[in-house]
Amino acid sequence: MGRTRSIGWALLPIVVTAAILVILPSIWFGDSPYTTSLAVQALVFAAYGVGFNLIFGSTNQLFLCVGALAGIGGYGAVILTDETSLPMAVGIVVGTASAAIVGGLLSWIAVRRSLGIIFTGIVTLVFSLAFANLLLGQREYTGSETGLVVTAAADDLADDQVGGYYLFAGLLVLFLIVFRALQLSHIGWAFRALRDDEVAAELAGVDVARYRIYAATLGSAMIGLTGALLAYSAGFISPTTYSFDRVDVRVLVLVAFGGLGTLLGPVIGAGVFAILDEQLSTSLELREVLYGVFVLAIFLFFRRGVVAAVVGLYDRLGGRRRRKPTLQPSGD
Amino acid sequence: MLEVARLAAGYLGESVIDGIDIEVRTGEAVAIIGSNGAGKTTLFRTIAGLLPAMEGRVVLDGKDLTRSPTHRISRAGIAYVPAERHLFPAMSLKSNLVLGAYPKRPDRATLELVYDLFPRLKERQRQQAGTLSGGEQQMLAVGRALMARPRLLMLDEPTTGLAPKIAQIAFEALEGLKSEGMTLLIAEQQVPLALSVADRGYVLENGHIRLSGTSEELDQNPEVRRAYLGVA
Amino acid sequence: MTAVVLDGIVLGLAFGLLGVGMTLVYGLGGVLNLAYGQMVVLAAIVVMLVMDDGVATILAAAVGVLAVAGVAVLLDLTLMRAVYREHGEERTLLGLLLTLGVAFVIAGLLTWRYPSGALYIYIGGDPVSILGVPMAVGSIWASVIALLVAAVLLLFFGLTTFGRGVRSIIQDETGARLVGINPSFVRTVIFALSGALAGIVAITQSMSGPLTVNAGFELTTFALIVTVVGGLGSVAGAFLAGVLLGVVNTLSAHYIGQYITTIILLGAAALTILIRPRGLLGR
């Protein structure tokens, strides 16, 4: 059959993205550490976004604790390697695993107690804020507001060097491949089924609870891994690195912008917002206003993402019609 | 008083009822007869404004109520008592009745009237509506509708979940209301009961009006007898 | 210890009003107003500006409360229309996200324009002794106002026809429609009321200490916690939870520590959702 051919088509968007990412430094960065760090930040958020997409986009679990999960990865890894003298790789594994476990646990709790989207959101938000307070409170381990200098950091992977850029670019591509593989597998089918109609999916034999927990665990692992790598690459972390304001809000907005549940949504969203950040280096407060306006615009007019709206416009010009958009993602 | 013309309504783009023409004159009691799924509830919900009409008109004394929201229809004088009743469970029985008169202040005389009609309600007036029995809830639902001094009282399956004896009492109460001049529109599966109170009736089948006539005519009609009265 | 508890009650009364404002809007329409804390701050800034212009405190306070109530009406008539068009979880989700957007816009604008803005209504006078504890006059005023407002609300919801109508919508919206209540209109009025409550909280809070322009997010968090613990949609529950959590807050902050205190409060909300989702007095 055309198996190889269809795999090829499936991976095409990722291959194109990878290609763009590879040539980007040479055409855009111009050896500027500032631009490089901006690009790295975009990649980090895109990576967060893919994980978030897996949790919320694929299985409707509103996890408002992306920052906290990344923080568990980051702080977990760093505290371990700084206190003991274990190598960085161990720190990364432990950090990632911790985040995965916590994420899976949160999902398990939500499933066991049949929490709807709203209560899941509130519980994860509470966790997020509690974690932030924990970081601030445990001075000896976390350095509180002053932050932690990461002694085990690797210089050539630093986030303002091209090495760091390629590290995160590779990470993102890896995540995209995993996401795509899931999308096309029977697991992806199960996800779509449970998003469309949970009850019908159960009746069709989909163990909704199990798939939710799997998705949450994997997505949290992705987020934790990114957080851990970020810690080593940045060389310095503080509670603001992983705060709700800095991480969750931004991830939510840029994934929604690109299209919840879609493969490249996080990438496009992160890219657009990186460019916006560069163009509008105005005050932080005005940026907040802009965010707010974006949130309003996206959720009032572009529920399926700005990208989908643009594509939809194309389609409409060509005569095809789209279904009524709902907030709960139905991505593809 | 009430004129329904070419009414069509349904869910998710599919029409459940179509081409409905119904007339209710002042002081009449009209029954809508049909089996489960025939569309009786859909029809009533559309008249009451809980469901938007896809086609046709609903006119009350010359006033077009077709696209009006439910609260406006209620204030225009149509009181609808749905099968689910929709009472306020955490409020006392009396508070439920008092709210029936919204936005006006409850009229002492009307309240007494309701208590006369349903003495049980007066006994339990301080009880929370959610703790009442099925029969009492049904009485409360009707009483609440009456508090608004409606021009037309619509009842959807008033005997649902009621023991036969209570259903009998309920219909006797309706007889009483009718003799006081109240205009009634009743949807009912229990055809003998319905025809006993009604002056006229319509038979609804698969979303269309199959037959109409006086209650005597319908009672004698062989199709009706076969389908709904279990007579061979 | 009595002093700490009394301080807790003063704080709790403000928490209570905050919770009532938020729970009302949720109970009526399924919307969690994440911009609520920012509305309090907005009121505070308005009062601050008006007072700076030399207007008497009481008048300035009235202006602040009315201004926020007005903003609330504006929000309800514009953004909330889109939200109410949805149903169930879709509606709550959209309400959450849109009010979040509004929160950012208000927070950003206020912190940009008035970076060091704060409202402090100083009421002079010697401390009054309550139960043997010297309480600042400002705190006494704050408590009295809060209690008065609570009493008025109680009378309003318990005795007036409109108030009963509000309760009926929370219990069965279709039933309310059937008796002739217009839920849309009631929602707008209640949204305005919640705005007014936010304004009143701004006033009372600023009597105990300066209310800064950055306090928005924290206030929203407290309102959310109180609403959840009290039971979504229960006015009495929100008030009770507010007072309880206020006392817990000050006790914990005094004897344990600030960071743990916040965790405890957050934990209370999480625990409620996990163990008794209907909250203290919800259904």
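The chains carry the letters A, B and C, assigned in the order they are written, with residues numbered from 1 in each.
Going forward, a contact is a pair of C-beta atoms (placed from the backbone, for glycine too) under 8 Å apart; a residue touches a chain by one contact, two chains touch by 3 or more.
Note that the coordinates shown come from a computational prediction; the quantities given were computed from them, not determined experimentally.
Using CA atoms only, can you tell me which chain is the most central one in this structure?
Per-chain C-alpha centroids ranked by distance to the global centroid put C first.
Tell me, please, which chain's centre (mean of its C-alpha atoms) is farthest from the centre of chain B?
Relative to chain B, the chain whose C-alpha centre sits farthest away is A.
Using CA atom averages as chain centres, what separation in Å is found between chain A and chain B?
The separation of the two C-alpha centroids amounts to 55 Å.
Need the CA-centroid distance for the pair chain B / chain C, whole Å please.
The separation of the two C-alpha centroids amounts to 42 Å.
Per the centroid of Cα atoms for each chain, what is the distance between chain A and chain C, given in Å?
So the centre of chain A lies 33 Å away from the centre of chain C.
Where on chain B is chain C touching in the complex?
Those residues of chain B that touch chain C are 48-50, 69-72, 74-75, 79-80, 82, 85-91, 95, 98-103, 105, 144-145, 148.
Taking the touch rule as given, give the residues of chain C at its contact with chain B in the complex, in rising order.
My answer: residues 161, 164-165, 167-168, 171-172, 174-183, 283.
Which of the residues in chain A end up touching chain C in this complex?
Touching chain C from chain A are residues 62, 109, 113, 115-119, 121-123, 126-127, 129-130, 133-134, 136-137, 245, 249, 283, 285-296, 299-300, 326-328.
Mind pulling up the chain C residues that touch chain A in the complex?
Against chain A, chain C makes touches at 32, 79, 82, 86, 89-90, 92-94, 96-98, 100-109, 111-112, 115, 217, 221, 224, 228, 257, 259-260, 262-263, 266-267, 269-270, 273-274, 277.
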